[in-house]
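Chain nomenclature is as follows: A, B, C and D, assigned in order of appearance, with residue numbering initiated at 1 for each chain independently.
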Amino acid sequence: MTQIILNGLFVGSFYALIALGYSMVYGIIKLLNFAHGDIFMFGAYIGMTCLTVIPGIGSLGIGAIAIVLLISALLTGATGVLIETLAYRPLRSAPRLSVLITAVGMSFLLEYGVRQIWGPDPQPWPQAGRLTEAANWPAGLQWGAQRIDILGGSLTGAQLVLMALAVVLMAVLALYIGKTREGRAMRAIALDKRAATLMGINVNATISRVFFIGSALAGVAGVMHGAYYSSITFLMGFLLGLKAFTAAVIGGIGNLYGAMLGGLTLGLLEAFGTAWFGGEWKDVFAFVFLIAFLTLRPTGILGERVVERM
Amino acid sequence: MVASVGGYCSGSTLPTLPIFDSAKIPQLISVANSDNLIKDNTGNVWLLDGTGEQQASTAMKWVEKNSFKNLAVIDDKTDYSANLATRFTAKAKEAGLTVTTDSLTPKESDFSAQVTKVKSAGADFVYFTGYVQEAGLLVKQLVEGGYTGSILLGDGSVDAKVAEIAGLANCKNVYATYTKTPDMLDDGGAFAEKYKAISGGTEPGPYTIHSYDTVKTWADAATRAGSVDQAAVNEALKSTNLAGLTGQIQFTDDGSRAGEGGFVIVSNQDDGTFKLYDALS
Amino acid sequence: MESLKTYFSGQRGVYHGIAIAVVVAVFALPFITIDAYTIQLATQALIYVLLALGLNVVVGYAGLLDLGYVAFYAVGAYTSGILTTRLGWPMWATIPAVVAACVLAGVVIGGPTLRLRSDYLAIVTLGFGEIIRVTAQNLSITGGPSGIFGIPTWSFGSWSFNDGLTVGGLFFNGKILLYYFVAIVVMVLGLIGIPRLANGRLGRAWRAVRDDEDAAEAMGVNTYTTKITAYIIGAVWAGLAGQLNASLITTISPTSFQFLQSALVLMAVVIGGMGSVPGVVLGALFITLAPELLRDVWENRSLMFGILLLAVMLFRPKGLWPATSILPWSRDKHRAKVDTKPAQARAEEV
Amino acid sequence: MSLPMIDPSALLTTHPEAVPRPETLLEVKNLRLAFGGVVAVDGLNMNVHRGEIVSVIGPNGAGKTSAFNCITGFYRPDSGEIAFMGKSIIRTRPSKITRMGMARTFQNLRLFSDMSILDNVRTGAHAHLRQHWFDAFLHTPAYRKTERACEEDARYWLDFVGFTGDTLLYVTQLPYGEQRRVEIARALATNPKLLLLDEPAAGLNHTEKRGLVDLIRRVRDLDIAVVLIEHDMGLVMDISERIIVLNYGKEIADGAPDDIRANPLVIEAYLGAGDDEEPADGADQASADPGQPLPPAPPSLPEASATADRSDGGEARR
């Protein structure tokens, strides 16, 4: 029983990390960034390329993964900003429908662009960058590759490290949004873009910053996915992106804690669902929950009912 | 077009059956082996590869040989995979063994639910009948999830990539049911050399000899029938008795390959590529 | 009646002229070439036109982004496939079942979500598309992963399309008959039916909801029922297209109802021009013929579609043949009618 | 050239006069609405009688448009009662309220941009047009009859508001004043009993305002009550039979234009309390800093002359 919960929490932390990106972008410019799932995939491919291209990275073991995480976060973040400036900024005042369709177009561009460059079939993750390889863990930290029993269930050290990393990142983000000046600017824009400009906030710069953070987080999640599951494909972003959006909606779209909570909840719901009904129904659960939440409580667990101003 | 040779996965081959039949073109299927392909065979379909039924019986022999008692069967809901899994499960139940079945979604990467189910069932043998990508991930997550039993893969997952994804260390007791591959030929690599000569240096793939045999079978039937007409060729194919690279080629009346289907047990323990481990003959 | 020449130069006249030309071309095709591949491709193109016209109602007129449109396409195909192969019904008898199934699916999915903002609808319909595909893959009645094969063509009484028909000495084989049948259905349902709907009371309500939902509500248009009607009509059109496609390719499996199909049909509507019937027809023809023509030239077709979608949205959001387009030569006629009297004078007059 | 007085309901073959109209059309009892902490409407009471022209005035942020949106069903008030022709419309959808006979225009002109002017107005007639979508699909005679009636209806209202341009143009191609008229025509096309105009005079030039005053009077002559939210005091004083003054979400005065002009509460609300006047709540005057020079005596509202001309020079000081 606890094993199912542990599995759910582990998968949930991936959903949460990506859902954060969805929620931030949706919160600030009310855009459903369909391409966000593919940014996650793009981050994984960047990570894989760094591991194969950078000389001598193999010898660093865990250090290699840390470096690659950083590089991938920066590069994916930059891609996110690029996408926002090229595709979404010109349509800032366009009707919602055309921005959504642009996002779908961008999603295709990322997916099949990566397919064109890295080839269609799934790519195994380089040996040096695998969290589950005992060789990569330094002598003192051998527990990283072994299983650790927790309350009857068990997770590998690597999984615990990844979940810890996810929690740390979420905490840092929450502090950033809550306490810093830029964070306040983001919240202001989310509430009223025009008023924010009057207050001297450079809206475009802040929106780019949001895209940078959201995409960087997705990039980190991409590298973590590759490092743990050790195989990536150009289509993995589509389904995971959809699930991350479901998580964001369940938690309350636009609300950061909601994205985190929603991610973990969806992870657990799926884990129990597959345990009881069989693996093949896994995706169906995610969407049934999405539709149920949208009908019963569209604002999600933490979202508050916002009066739609005329 | 006088003949169709090919068909890798059953799912996509199935819809082509009526089309080739209506176009009056005999269809020799070199690899796809789901029994649905020959279920209501109008005499126009010939399987060169061992069918799901034959592969399942070879797997059963392997289970009995190692006297595994608690089996788990996982498929990926595709046509080939589901067919092999259901036939194997039926045989295992006949033999009175306990069998837990589950399936997974292709293109997914997290199979912790399936691993948990296998471990909680206390299985000492897992038969995964899906394809390469999911096989690699499942083997990795099974071993890292603490499963210590034996793992058998269907012939759809026989590829070096499985070891690449799962990591060689995790493939200690990974085996697969498989028909002969070029490197298993006892001709000292002559076929491989000739193949590389004409193909500009590329190694023969896992199913090259199957395609080779299939074309050879058609050619033999056409020469014996003296014409390329569908009815004549199909008639001649019934009485095929040809020595091929994959063994003696004969057909049963429902169009499937006669004999044991030539399945053997292969393993990728030493260097990640699947090599002959036990011919079970 | 004005002379024919002036009629055909007016805006409406031009549309009618083009429509007649298209009809003639469509009916003449089998006389030009009877090679099975072209007929098959032409029938497929026509089915996509019907599908795109259906989606145009949802996206073009009512402004609801539906990303799971292939789900209704699948519902139509599977309903007719199961009924014909499992229960042996003739194809025409399954039409009411297909329509009922699509209406039910439309209500189940549209009902709860149409109260919400339109971008939620996009994701929910996308999710619904995946649910239908995975369910079709897992259930045995839908033939599981191998789907259903051997779906009969249309038969009336004992005679079926495959028996062919000789008219005036000319023999039309099953494929051509199916092609003509599809052409007539597309003509009636799509090219005549939908524009008529768009001009009537309901069509205006759709467009009003698309332009400004609150203002439409204030004008007495019940936006919820209007959106649901658009969604269900779109669903039924897709179901019928699915049924036609099932009888065309005689085998359906979950793999032919991927999200890519929904995206393709959406592209047809968006690239052609949202809300404009000629534009959508153009778009539908493009997305069916382009892959065939580009098959060897551009192996990665989807990348091209992605780029195209972006380019259209950024540089020509109204599409190739925009809905609100006034044809160039008839534009100056329009300008002449605009009142040139200054507003001042008119105000005095009142 | 003013149009002959035709009773529009005679024209609309589709809408027989079902319900005799009661004396008071609209009744609002202590309406309350708050957005989070901000109380927009705080216990508002007002009513509108049949065939009356009522103006609702008040400083910015007094809750006029918010009250409007509650009445027309777009906001759901926290508490209070709204009854239209005797029936409560608190929980009713805006479209149903419009069908009951209350039409409105918007503060910032919300016309359907992708539709022609004629279609815009024809959408107004959507509610009472008996046409099933199947009729449209099959082009039945019922479809042709209703479409023709609807078009005549739309053209009538466009003429009524004095729009004589090309009705096939797109709304965005019209000057601002013309778009205002089309929006009013669209509202009238719903065959209302009560017309709510949200700042109709905003952005209009002098002559257009005069046209508007005349239009509102002609609408009232068709036995359609008109409620205006307006800032242009000249226009308000000229046209209203009754004025309701709102401040901080509740009505502080309700009566004929003349006694509203002299009402101290209204002046205070508009111009703020002068030092020399006894503040209503009797706060101690001595607390004011004696050294501060006295503010100029508060000018009373400009005398509203018979015609609106003179007043436009000295816009009401706000």
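FYI, contacts are C-beta pairs under 8 Å (C-beta built on N, C-alpha and C of every residue); 3 or more make two chains touch, one makes a residue touch a chain.
Since we're looking at a predicted model, the values are computed, not measured.
Comparing chain pairs A-C and B-C, the larger number of C-beta contacts belongs to A-C. Ranked by how close its C-alpha mean sits to the mean of all protein C-alpha atoms, the top chain is C.
Separating the CA-averaged centres of chain A and chain C is a span of 35 Å.
Chain B and chain D have centres, each the mean of its CA atoms, that are 78 Å apart.
Chain centres here are Cα averages; for chain B and chain C they lie 42 Å apart.
Centroids of chain A and chain D (each the mean of its C-alpha atoms) stand 49 Å apart. Listed for chain A are residues 239, 280, 283, 310, each touching two or more other chains.
Each of the following residues of chain B touches two or more other chains: 77, 105. Among all residues of chain C, those that touch two or more other chains are 134, 137-138, 214. Partner chain A is touched in their complex by these residues of chain B: 74, 77, 102-105, 107-114, 116-117, 119-120, 133, 136-137, 140, 144-146, 161, 164-167, 169. Interface of chain A with chain C (complex): residues 30, 32, 87, 90-91, 94-102, 104-113, 115-116, 238-239, 242, 245-246, 249, 280-281, 283-284, 286-288, 290-291, 294-295, 298, 310. Within the complex formed with chain D, the residues of chain C that make contact are 193, 196-197, 199-205, 207-208, 210-212, 214-224, 229, 275, 323-324, 334, 337-339, 343-344, 346-350. If you check the complex, the residues on chain D that touch chain C are 1-2, 72, 74, 93-96, 98-99, 103-104, 106, 110-115, 119, 122-124, 126-129, 131, 133, 135-137, 139, 143, 146-147, 150, 162, 164-166, 168-170, 173, 175, 177-178, 186-187, 190, 207-208, 210-211, 214-215. For chain C in complex with chain B, the touching residues are 134, 137-138, 144-147, 149-150, 249-251, 253, 255.
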